[in-house]
Amino acid sequence: MTATPSQAEIAAFLAASFPQTKCRVESVSAGTATVRHPVGEAELRPGGTVSGPVLMTVADVALYVALLGQIGIMPLAVTTSLNINFLRKPSADRDILGVCRMKKIGQTLAVGEVDLFSEGELEPVAHAVGTYAIPRP
Amino acid sequence: MTATPSQAEIAAFLAASFPQTKCRVESVSAGTATVRHPVGEAELRPGGTVSGPVLMTVADVALYVALLGQIGIMPLAVTTSLNINFLRKPSADRDILGVCRMKKIGQTLAVGEVDLFSEGELEPVAHAVGTYAIPRP
Amino acid sequence: MTATPSQAEIAAFLAASFPQTKCRVESVSAGTATVRHPVGEAELRPGGTVSGPVLMTVADVALYVALLGQIGIMPLAVTTSLNINFLRKPSADRDILGVCRMKKIGQTLAVGEVDLFSEGELEPVAHAVGTYAIPRP
Amino acid sequence: MTATPSQAEIAAFLAASFPQTKCRVESVSAGTATVRHPVGEAELRPGGTVSGPVLMTVADVALYVALLGQIGIMPLAVTTSLNINFLRKPSADRDILGVCRMKKIGQTLAVGEVDLFSEGELEPVAHAVGTYAIPRP
């Protein structure tokens, strides 16, 4: 295991690894992370709801950040599965926050869960569980 | 149930419902659909692989198109869950094709599966199962 | 919605609905439940680990009990999906506890998550997310 | 990779590994398998439907058999996740058949899908996707 990276190190790595993402790291500690995705025209569907793929992106990034916060910067960790349930209609005018808690970080596999919120709401708009494969050293 | 919509009708509806999507409808018949997503700089991660959220988007759209091909244009059908397994590294220079087969279309719930391919490859890069809630008439 | 049933009412309903189950209701309140499954020869695989189907059963029952605790006794509620991740090897000599929290109880669909523990351990042996279809009144 | 085991070898291994299971191996070849579970009083719920845990068990065993058919007898392969969607009410008086096709067998992770049928029916009663961790040699 490498030393725990700082939030700035993870943010820099994220920007390099996912150059398209609008997600920003809000906080990260060992095995937990919160990320934020702005919501504007590009994220909305007619009727004023955040599109599903945006929520899936936030879940994926939150898992990745929480994992890196625990095991250190590891470019070759890859998502192997993601399961997401959409629970409530997101707000059209609030950022999406993804709050991740890792459930297990093993030698080859990590599992975490993410609650996704419209900022300021108490009940999640979606809930995801994802797994990551950790490369062998 | 409405009459089965044509591919052009579904494509028009998709463009209106998901104005951001780059997915195009390749084919659609009752309960099956194939959609295509171009792959360029915006879809790639460093190292030359298609990002996970792009694959999730293609899965979601393929399910939606296959469902509409069966039940007709229904704006209020919403994804309730998506489960995706990432199987192989996608090619950086091939479009992604999503091939959906619905497994069940009930009165309130529809379930389908999607194989995702780098165009021209025989083995899928990912496999997804999704559920849609169908609004009551 | 009916009045919240008592733990005894739910236990009686469970015994009638799942006559084979060894699960017992430990506690139930609105949207949460804990159930217990004894572990003996019938639950073990060679090597001394609790079999996966036992864990899946506990997850399914815990979800059902938490749902009934919220919406009242409703014989026609059925599981529509279950997603489980196996995290750690369960103990061969401890009961399995399933602790469920509902994430959403809508008009037609309910979603909950379950942590499964070997009794007395802090880290879960598995984690599940399930959905239930609620019949129309 | 070891030599492909025969159906009899897999059946013997299954009986030793899952001594409680009533599942029988109907057929197995590289990466595919069909297993059968008898349906009697012990599998039924009031109203005459096969219980969900029985279906989950069949899915788990079908995946295991298909995997062993490909990689050989490997006692330490363990299920890491299972995602199941329940599609239709099973018959009370027909065996359950689980038909598995592996989607990927990698060095450390295998993914497969299973259609579950009431024997003689064309449409599946459930569909599952599972992942197995393959121990390092």
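When the chains are written out, they are named A, B, C and D in that same order, and each has its own residue count from 1.
Assume a residue touches a chain if its C-beta (ideal position, glycine included) is under 8 Å from a C-beta of that chain, and two chains touch if they have at least 3 such contacts.
What you are looking at is a predicted structure, and each value in this text was computed from that prediction instead of being measured.
> Compare the CA centroid of chain A with every other chain's and tell me the farthest one.
Using the mean of the C-alpha atoms as each chain's centre, the farthest one from chain A is D.
> Could you tell me which pair, B-C or A-B, is linked by more C-beta pairs in contact?
Of the two interfaces, A-B and B-C, more C-beta pairs touch across A-B.
> In whole angstrom, how far does the Cα centroid of chain A sit from the Cα centroid of chain C?
28
> Taking each chain's centre as its mean C-alpha position, how far apart are chain A and chain B in Å?
Distance between chain centres, rounded to whole Å: 22 Å.
> Calculate how many whole Å lie between the centre of chain B and the centre of chain C, each centre taken as the average of the chain's C-alpha atoms.
The mean C-alpha positions of chain B and chain C differ by 33 Å.
> Spell out, as numbers or ranges, the residues of chain A touching 2 or more other chains.
80-81, 83, 85, 131
> In their shared complex, at which residues does chain D touch chain C?
16-20, 42-43, 45-46, 51-53, 56-57, 60, 75, 78-86
> State the interface residues of chain A toward chain D in the complex, per the touch definition above.
Result: residues 80-81, 83, 108-109, 131, 133, 136 of chain A touch chain D.
> With touch defined as at the start, can you tell me which chain D residues reach chain B in the complex?
83, 85, 87-88, 103-104, 111, 113, 123-124, 127, 129, 131
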